[in-house]
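The structures considered in this document are given below.
There are two complexes below, and they share chain A, which is joined by chain B in the first and by chain C in the second.
And then the complex of A and B:
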């Protein structure tokens, strides 16, 4: 009896030691979440990778209202004007949404210091923006948004409109000077699309999955973006773009999971 | 524990935990007579909270030769019941009419305290309450907790025909408007000169815009109301006045909101950027202005943004 106990104890000790050794590198690198979200570590591993180097940053500024007036359309602006590094990638997610991911933005020939897109919220949640710098490190900004919720499982306004197909794929947009005296161009564009999340009874997922911005003249890609179910209906995108040869105009390409390609030209 | 202790414990459980319980969830409504036979319950100029139980609204009643006319029923069943109790301390006359100004929850969720057969509202109000009432209730249960206990949506059964009517000797004018919520009933009591403007007029409290058909519509209707020959004005939220100051403030604030949204859209600003724009110091005395600006941007800014963009692809 005593020997068996001893063996069991020893096995436990080994397991504990093994557990400590394997968990150490991952957890030691992650800072505590000031918002204590239960999804903090899980979503970091899911979207940034298990061994990502992560730090909090107050230069990744998420501008949202502190409460969701409309759970299907919560305004989000990610302001990176004070971010001190090169921006390789921006990933945003809503911690407690059924599909947390909102978008992944990869600037290419253009520098992007501001991006905006409305999101849906299913319940009060932390919202994250993670920015990858030129060294591969991730800088995370977080805010909490209070909400009655239900934004992901509310039927789209499009679904209740029998004429929705008439305006489907309609694109409106304009170019502005960026707010705050930054050089470059602010692009604002809205696309009529139901962006069905697939979480409403008998309505399958039908959403725009990718967006690309190209220079019209030479087709050079300025940036690309991948979108998920957290993105709102009739999405309105804002980008502050800094790039060469601005006189050539911008080509916008959107693809949804139904095989539709929506193409628009802006500027000269 | 002996039997006596057990009985005491049982007794205290049944009676609640002492004198505090009897006071819980009381709005302490105090009717104030502002003109002959016209009484007002004034709420605080705050947003809904568990501290105020939703008593953020002004309600009123008028005493006629035959009975009582109630104007709006407050944010909860408890409010409606306590309002009724307070009315009974003033008069023994029966309640003959309940007019509901519009479908927003802080004005109609006390309906259960009154006979549904005497609930009067505009046709649009009845329709909007049927569509949105349950969502309002969900939201208020979440925000106010136990204050809302037992509250359910009760739809008015009597459709108001706008115009003049005499009720128990009082000359009443019912005006149908839409600027605040899409269907707004204003009651002007010619006998006393009291204008019950409900949420067509906010004073010292920022106006809310969730179902407004547009700032321009609201401002035009405010001009019509201001032209009425009233002696006292009871706004939906904020203090009762005997002058036209609330109209000046409403026009000033709404014009500023309209200009701000238009110029922001013309500059290409995002919704979240507009929400944190500075609010002019002259609006410092207006309660919850920042909160309501954030809400109004969600309600209204999209239409201004649409105007500021060009159609690039037809779609379809």
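And then the complex of A and C:
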């Protein structure tokens, strides 16, 4: 087995090198990063693919505080209300975090115009949101967040609470109607979960990896989301859905890397 | 729920991808046939017990009494972290990958050739877990494309063999009541079966069966008289008979409701009778004067139908147990010839100091004899295997004395048992059982007690003392037909690791002093030893890869002795903790 493994390793390295070479022209076509982050091209290639068509867009609006008062809990809102295309996928990352990826959101039966989630920040960093349109092109919004840092490698508050298991998996949330009579639904929900990043000594990674929103009545999937270690402890999610959930309600399904399933019914 | 979402186009680290690729070429689904033949197969170990009957006998002869001195380490793997504590796990080997569990409900997949880690899983445990006897784990089960083990918060976890990703996790019992799982679960024809610990907290011992693929509950069987068993049909619990027929036959009042009997060591499987052979723990509370009667089925051996959890037969070693003589010790199926006919027997060496040979078809007592040097609680066994109690050997009833405390007695063996959890082995060549046993006694007295959820429910005080000045542990070779002790090997510290026998006429076991040792199975001569750096309280395995014979054992001192051992502390107080998986082999050039 060991011999085979090495052969496979070598082959993979070679393929990767080839991939790198052929992707050079696409890389060269990437727009300049106004924030001049050292991770700009690397993370674009990593999360969007080496030959992704990328452009900056001021319709991908990221709202964060300019300074992260609490590096373990930084509020993030991605506002796509002005985005002129259909939204196929939203990927967010924090350039200088140890695991930069924050979430990947895929709207399915419901359009999503706003998504919010608090995140950890390890040091002052650019934060990105990339939105894929129906043509496959990526529209990237960026902001810079100042931070004292350490958010990813500080023990969670949960870790010092001996009773954490009592509130583990508790879900608090509700559906709201937007003001102004617009059709649609705002889902706001907080889940009690340590979301340990695995970067604190002797505390293994323990975090929610996937989230799904389903219509309660027919189980139709409205959206799905994948989360990484940059997501904060006891994460607070907000989704503005172009979907009338008042009739049927929404089912929230979460799964963590420990195999725990958390299920909560919103609305009806 | 759903398949996990790919994270954008996030690529896996290169080495991981390549490794997963290499393994998937080799990984074959583990079938029930693999397990049924595990005792005959030499290139893998896919059951706890090296065979579903738990004989721990390998037919390999490559390594033998002539060349065992050439056995040498090839790699060692650290469990890492600060979670060093007792390591009582038996590894499994399949397709060149070793699966091993460790303290604090952790598990690793390791390349069996190199010791390189493939994946690691760490259960996130609540702070309130209540394992009575250290944060240990005794091993995994493997079936299909998954590996399984139980956690200290009484859950079962199913992991993908190749990636270590959780496939499902299932709460078996409430850890806040005192439940925990430390034993290796067993798979019988697609059913994942486990017991739970917690007899010190007055839980009701129960055996649980789940669908190994989905984690769906299949049946539950409480082992204490009066409690209802259930089978699950379409997710609904359907009553399937009260254990023991009805409540109150062998228990006074409502004492059966917190009757203990935790089957915390799991069981083995006998294919001939299609039975799960499993032992039950001490009755609760320890103070036996509060529960006159036999207290079925505490401190017993049970044959359970793995299909629906029905109890086929029982054998109670210690009725009205007042000494914490759990009856959990392994029941090993073996056949022998007598007057030209084959006897389908099962043997068990009890904590109470007696060795029992039972007919495994009906549970009838064939013979029994003491294997411990001194037993004070009983004068012997009657023709049905029932103890002839010595009234002087039972701690006094607190009601008979002034004040809270009953009269103390000096009892042999101590409550940690003439033999504890650590499994013995059977050699098909010598026909002997090799028992890792201990010579110690206790002063024990009874006190009044009442039940409170999650609190210790003992009603007894105790302290353990060594029976001899110069040794506690005794590795014994015992003839199950005559009761003769063919040889013994004495050890200064108590023996707490399991035993393995091989067709190479070898017996392996570990010592708290840190050694893995090999003995001549016939004579008991010590032939080989290697100091692993911390106490060995786990069970060794052997298998072969590419024509070479390997031996593995986990090292890491801990378990119940340092927590409960009383005066034994004098002997063991300087032993250091550990967490290391050692693998040895006989290089090809020394094989004969």
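For this structure, a couple of remarks:
Following the convention adopted for this analysis, the second predicted complex is superposed on the first by the 236 of 268 C-alpha atoms of A that agree within 3 Å, B and C clash if a C-alpha of one lies under 4 Å from a C-alpha of the other, contacts with A are read in each partner's own complex, and residues count from 1 in each chain.
In this section, contacts are C-beta pairs under 8 Å (C-beta built on N, C-alpha and C of every residue); 3 or more make two chains touch, one makes a residue touch a chain.
Worth saying up front: this structure is predicted, and the values here are computed from it rather than measured.
In the superposed model, A:236 lies in contact with chain B only, and not with chain C. Of the two partner chains placed by superposition, only chain C is touched by A:259; chain B is not. Shared-chain residue A:162: touches chain C; no touch with chain B. In the superposed model, A:106 lies in contact with chain C only, and not with chain B. Of the two partner chains placed by superposition, A:56 touches none, neither chain B nor chain C. Using the contact criterion defined above for the overlaid structures, shared-chain residue A:172 touches chain B, although it does not reach chain C.
After overlaying the two complexes on the shared chain, residue contacts for A:75 are found with chain B alone; chain C is out of touch. Put simply, chain A uses residues 165, 168 to touch chain B in one complex and chain C in the other. Across the complex, chain A meets chain B through its residues 63-67, 69-70, 73, 75-77, 114, 116, 118, 148, 165-179, 186, 188-190, 192, 236, 238, 262-266.
Taken together, the chain A residues at the contact with chain C in this complex read 1-2, 4-5, 8-9, 12-13, 16, 46-49, 89, 91, 101, 104, 106, 162-165, 168, 194, 196, 201-202, 204, 206, 209-210, 212, 224-226, 228, 253, 255, 257-261.
Within the complex formed with chain A, the chain B residues making contact are 138-139, 142, 210, 267-273, 275-276, 294-295, 297-299, 302, 305-306, 308-316.
Those residues of chain C whose C-beta lies close enough to touch chain A in the complex are 1-2, 4-11, 14-15, 17-19, 21-23, 25-26, 81-83, 96, 111, 113-114, 122-124, 126-128, 153, 157-158, 165-169.
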